[in-house]
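Each of the two complexes below includes chain A, the first together with chain B, the second together with chain C.
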Partner chain A sequence: MGIGPMLSALMRNKTGPALVALQIAVTLAIVINSLFIILQRVEKMNRDTGIDVNNVIITYVRGFGDDFDTIASINNDLDLIRNIPGVVATTVSNHVPLSGSGSGTGLRTVPDETIEAVSTARYRWTEDGLDALGITLTSGRNFYPEEINDILPESSEGSQPFVLVTQDLADSLFPEEDALGKTVYWGSMDPATIIGIIGRMHGSWVNWDKLGNVVIQPGKPAYTSNKYITRVEPGLRDELMPIIEQKLGESNRRRVINSNRSLEELADRSYRRDRGMAIILSIVITLLIGLTALVVVGLSSFHVTQRRKQIGTRRALGAKRIDIIKQFMLENWIITTAGAALGVVLTIGVAYWLEVSFELERLDWRFLPAGIVTLWVLSSLAVFEPARRAAAVPPAVATRSV
Partner chain B sequence: MFKYNVKLALKSMRRNVILTALMVAAIAVGIGISMTTMTMYYMMNGNPIPAKSDVLFAITLDSWNPIRPFDDDRPERAPHQLTYHDAERLLALGEGKRQTAMFESSLIIEPVDEGEMPFETGARVATADFFSMFNVPFIYGSGWDRATDAAAEPVVVLTRQLNERLFGGRDSVGERLIMQGTYFQVAGVIDTWEPTPRFFDPINGGFHEINEMFIPYSLALSLELQSTGSDWGWKNEDITSFEQWLNSESSWVQYFVELETPRDRDAYVSHLDAYVGEQKRLGRFERPMNNNVYDVMEWMEYHEVVSNDSKVLVGLSFLFLTVCLLSTIALLLTKFIGKTSETSLRRALGASRKVIFNQQIVEVSVIGFAGGLVGLLLAGLGLKGIQYLYEAPNGLVTLDWVMVSSAIGLAIASSMIAGLYPAWRVCKIPPAAQLKTQ
Partner chain C sequence: MLQMTEVKKTYRTELVETHALREMTVSVSKGEFVAVTGSSGSGKTTFLNIAGLLESFEHGTYRLDGEDVSRLSDDERSTFRNQKIGFIFQSFNLIPDLNLFENVDVPLRYRRMSKGERKQRIEHALETVGLGSRMKHVPAQLSGGQQQRVAIARALAGDPKILLADEPTGNLDSTMAHQVLELLEEIHANGTTIVMVTHDQELAQRAERNIQLLDGRVSAEEFVEPQTNAQPLRATA
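Entry: the complex of A and B
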């Protein structure tokens, strides 16, 4: 049987097939757009942070009482943590990368306030900071211990005029040349020399488009709340976290340990919207594909039952089993393809709506052919079993009345 | 007749269990998903204080850098918080019916007895008007009065949870606790209060939990309270003392005012303009005059409290519901075709088209109702999942009666829409035609 008679059969009762085609079209539009969003979120969550996220522990502490000596407390705490076996390095930092909380500033290459500054996240930590996060320098040097000052919230003495910058920041500041050794200017127009360049490091705000822009100053921030960053040997993190908390707690009762968490947990929390979206959409498309497949299977089974007599007649007239299977598969293929054609239009429409209204990225066109091929395969699988059952209808059915 | 129709419907549903189950499942999944996303959206988009949302206003003044705007992408916007200095002056002028300056801070509650452990607690630092402006409910005591603000007395209002932790939930009014080396007297304990979104501070998070306690704004100066919320600065100022920080151009204080009529609103804006004009003469506020008051819903809009993701999910889930309806229509059509002979027979025995039509509609309504019920269960599950995924505070996403009734209503309405065409087709079956072939 050629495609001609089949089309005319479909056209005779067009509502049913049209509905299925429409359903396939909308399904395609939802699935392709959702998959695209999911993949983008997964890609975002899996970006290289430049940080040894899995082996870092973050401890937030805060002293209280008028006689609390912040600097002495920090020095004691750092010594105490450093001497725990399994600890690689520890530092005190003004902020914690990937945590959602941080400080930002603008840098310029010339001391002129009217020129727009390059925005960047700003950290301040000791000579152990890089090691405590597992960050590597690609050129230049780290801070020397003698460059680390105590930075009190209300002292006029600031950091030494040396900074580390990430490659991303270096490229934004000095697109044409090597940034190492160059001078940059803070908002106050105070200069600082770039002494080292970090290949990659993410700052605090994971949704910021300049996440890779980071500048680091030398110093030991001694504020009301202190944040310790500690890196441990691989595999020891969960074992050492309670030990750190316990030792700190025992050493000083005038200090509250507000939280002691893995950096992994903090980063996960920063990405929870993206993860949530990816998971919700995955559930949605799984349900959707399941539902559409079930409906296609259900409908074709029903049609097979309805058309037993017709099938029997064809078999009696000499059609082979494979012809019957072919007939059902082809019929299904026509409906699917019509649905896919409409689906492409719908998909592009939905993608356009998402792009314009919600500033989502433009759909990658390669998702379309991939979606259509998948659709063909899935719908063929869905209709195969009913088609096989149709082929099993014996020719003799035609001769019986109902 | 209705009862008979329902009986027929149930009978017919039982006859082809698989198709019926598929239809119920299709509607249930469609309702479940779209109700989940709708509830999320509805919560985010809801009016957190319907009684007063049009008389409460957030204030912005453009004290930013003369060279560039606060937000390069939206140059018309002033900074969304005030400097401490400006907030102080506006409080002193007191032109609104009520007003509060506020920020988030945190203090350590020190142990009274040796055995207890100190712990850090989040505080909202605000004025006496905060409680009456925002209709905060109390279980014990009350807020403090303006005289307490003026005298900068250390008093504290606790949330129910903190009172539970500190005093076992009893009436703790008059009790004392030590923070920053100072004795604070408990003035009141508020009842559970969860405006969603947290309209008075979308800047530090519209869906955060309410701060654990409240203390007078005037204590900021004497206790040197630091803000734990966001602060924004543009000017290079040498800040080496707390006092210099308070007098800096950093904007970190949020300001709300209550104004009763649109006329008061206009008058208030003129007061703001007059204040800024005076400051301009002193050399501050070098940008063009840009003072704004935003009512609660405008303020939510300003901070895009409803995330784009949740809007995308609502859109996609309604497309999903369309797929479910298309499935239902296709399944119904198929099912009715299978019922042709029965319908012919009923018609031949005298049933009118209207009777047949009604019977079909009752049948799809029953399916829709069943789908709606299962869908509600799914939506309940979905919301639990969302609460878990987004670590939302308890009670933020729940199905209320509005959502429950709209779910059932939507299910029945959409299944009836789905059923119209198939029912119409069934009505057209001629009485005798099918009987002949038997």
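Entry: the complex of A and C
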């Protein structure tokens, strides 16, 4: 049966096929947009952070008592951790990248409050900070040990006149120039010179669009609660985590260990919503595709039962089994294509709405042909078994009265 | 034209074995109009199904148009049916979603004929049965008699060697049945071999020869005196 007679037959009996086409259209719109969102989330979760996430341990400690010597405790703790075999480097930091917790500030290239500042995450750590996170400098130098001061809670942000910045922040501050050696100004208008540039490092807030903007000051934060960042040899993280906890616990009974986790776990927590969204949308896609396949199977099976006599007649008139299979496949292809055509319009509409309402990225047009081809393949697979059953209808059915 | 020799057909279920045809031997010559009659369960439909290659059989031989068709494959039987056999069914078996033109086109498409030749044959066949002006109508818009005429046009369009009719007037009132029968007689007068299965003895008397079946065997055969003055088939304007 050719496309012409099949189309006119479908038009004469269009409710069922129209509903299937609509289902396919909705499926295409939801699947493509969901898939696009999933891939964006996956891409986001797999971004290069610049940090050796898999080999870093974060230990949160807190001293107690009025006479607790924070500085001495931090020094002892860092020495203790540093001397554990397998530890590459350790530092104390005011915040932990990728953890969701941090502090930010604004930097300017001129000491003028009327000029809009460039927002950035801000960290303070010792000369071992870069090594403790596995971060590399692309130019300039790291802090020297003698440049590290103890930073007490009351210290101002401009306590040292030099900083490290990420390349992203450097580009935001000095778009056309090399930022190395340039001066930036804190909100207090205190100056600081950029002495080193980090190729890449993500800050604390993974959903922030300026995640790559980071400024680092030299210092040894000595707050009531402190965070130790420790990088270990690859493969030793899980083995060394309890050892670090045990040694710290044994070394000082006036300091509690609030938590001892891998940076990977903390980062996973930060990306929990993205992962959850990707999983939920994956489930929705799977269910929707499954439902659509069932609808196609259902309609085709219904048609096989409904048209049993008609199929038998066609066989009697000379149709081979393959002709019957082709007929059902072609009919399904027409319905799928009509649904896909409507689905393209729906997909673009939904994508535009998501773009405008939720500031999502513009849909990559290549998803459309990929989605259509996928639906063609899916619906062809779904219709094959009913079509095969139709082809098995014997031609003698044509002469049966019931 | 049709030579069936000692053909046996048995239907089996888990509990029952039914001998539909028992060593049936039937012969139909080219250009003959034969009626096959018998009571319900006598094997008429099974005979027609086997004669029309709609079913296989387990014993005996069957030659049709000079070819041994006893052991053809499923695809070969489809091709043979399509090219050499025209079917007329009791309930017309038109495809309700297709118009008359498209219905008559169905077997021609399976023959992979060119569009132009198909169109010519379809128009000629529909004009022959007097429905040339209603090609765009769907079956539901026609009377039963008209629908059977469309089915006859569908059978004729392929220019078959033999026409197999299964109770062709069984679903028609007497007036329409008469018209259809006259049409069949015209087709026969034009040289087409017709084998008609019917339980209607009056109808059977319009054929040249009657073959009566009983319990899957030929129980009687008689030649009938001509009763009509049918003219060779001509296209109706």
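Definition applied: the second predicted complex is superposed on the first by the 397 of 402 C-alpha atoms of A that agree within 3 Å, B and C clash if a C-alpha of one lies under 4 Å from a C-alpha of the other, contacts with A are read in each partner's own complex, and residues count from 1 in each chain.
In this text, a residue touches a chain if its C-beta (ideal position, glycine included) is under 8 Å from a C-beta of that chain, and two chains touch if they have at least 3 such contacts.
Keep in mind it's a predicted model, so treat the numbers as computed, not measured.
*Asks:* Would chain B and chain C fit next to each other on chain A once aligned, or clash?
*Replies:* Aligned through their shared chain, the two binders fit side by side on chain A.
*Asks:* With both complexes superposed on chain A, which partner does A:Ser188 reach: first (chain B), second (chain C), both or neither?
*Replies:* Touch status of A:Ser188: first partner only.
*Asks:* Tell me which partner A:Ala72 touches in the superposition: chain B (first), chain C (second), both or neither.
*Replies:* neither
*Asks:* Quick check for you: in the superposed arrangement, does A:Gly276 touch first (chain B), second (chain C), both or neither?
*Replies:* A:Gly276: touches chain B, not chain C.
*Asks:* Just chain B (first), just chain C (second), both, or neither: which does A:Arg321 touch?
*Replies:* In the superposed model, A:Arg321 contacts chain C only, not chain B.
*Asks:* Looking at the overlay, what does A:Pro395 touch: chain B (first), chain C (second), both, or neither?
*Replies:* In the superposition, A:Pro395 contacts chain C only.
*Asks:* Tell me which partner touches more residues of chain A in the superposed arrangement, chain B or chain C.
*Replies:* In the superposed model, B touches more residues of chain A.
*Asks:* Going by the contact rule set out at the top, does A:Gln310 touch chain B (first), chain C (second), both, or neither?
*Replies:* A:Gln310: touches chain C, not chain B.
*Asks:* Check whether A:Val377 is in contact with chain B, with chain C, with both or with neither, and answer first, second, both or neither.
*Replies:* The answer is neither, since A:Val377 touches no partner chain.
*Asks:* After superposing the two complexes on chain A, what is the shortest C-alpha distance between chain B and chain C, in Å?
*Replies:* 8
*Asks:* Based on the A-chain superposition described above, do chain B and chain C contact any of the same residues on chain A, and if so which?
*Replies:* In the superposed arrangement, which is not itself an observed complex, chain A uses no residue for both chain B and chain C.
*Asks:* Where on chain A is chain C touching in the complex?
*Replies:* 1-2, 5, 8-10, 12-13, 309-310, 313-321, 323, 394-396, 398-399, 401
*Asks:* For chain B, which residues are in contact with chain A within the complex?
*Replies:* Checking each residue of chain B against chain A gives 18-19, 22, 25-26, 29, 33, 67-68, 108, 110, 117-120, 180-181, 226, 234, 236, 238-242, 307-309, 311-313, 315-317, 319-320, 322-324, 326-327, 329-331, 333-334, 337-338, 385-386, 389-391, 421, 425, 437-438.
*Asks:* Of all residues in chain A, which touch chain B in the complex?
*Replies:* Residue positions touching the partner: 15-16, 19-20, 22-23, 26-27, 29-30, 33-34, 37, 62, 64-66, 113-114, 116, 154-156, 187-189, 224, 256, 258, 269, 272-273, 275-277, 279-281, 283-284, 287-288, 291-292, 294-295, 298-299, 302-303, 306, 350, 353-354, 357-360, 402.
*Asks:* What does chain C use to touch chain A in their complex?
*Replies:* 45, 48-49, 52-55, 74-75, 78-79, 81-83, 87, 89-91, 93, 95, 97-99, 102, 105-107, 109-111, 138, 154, 158, 166
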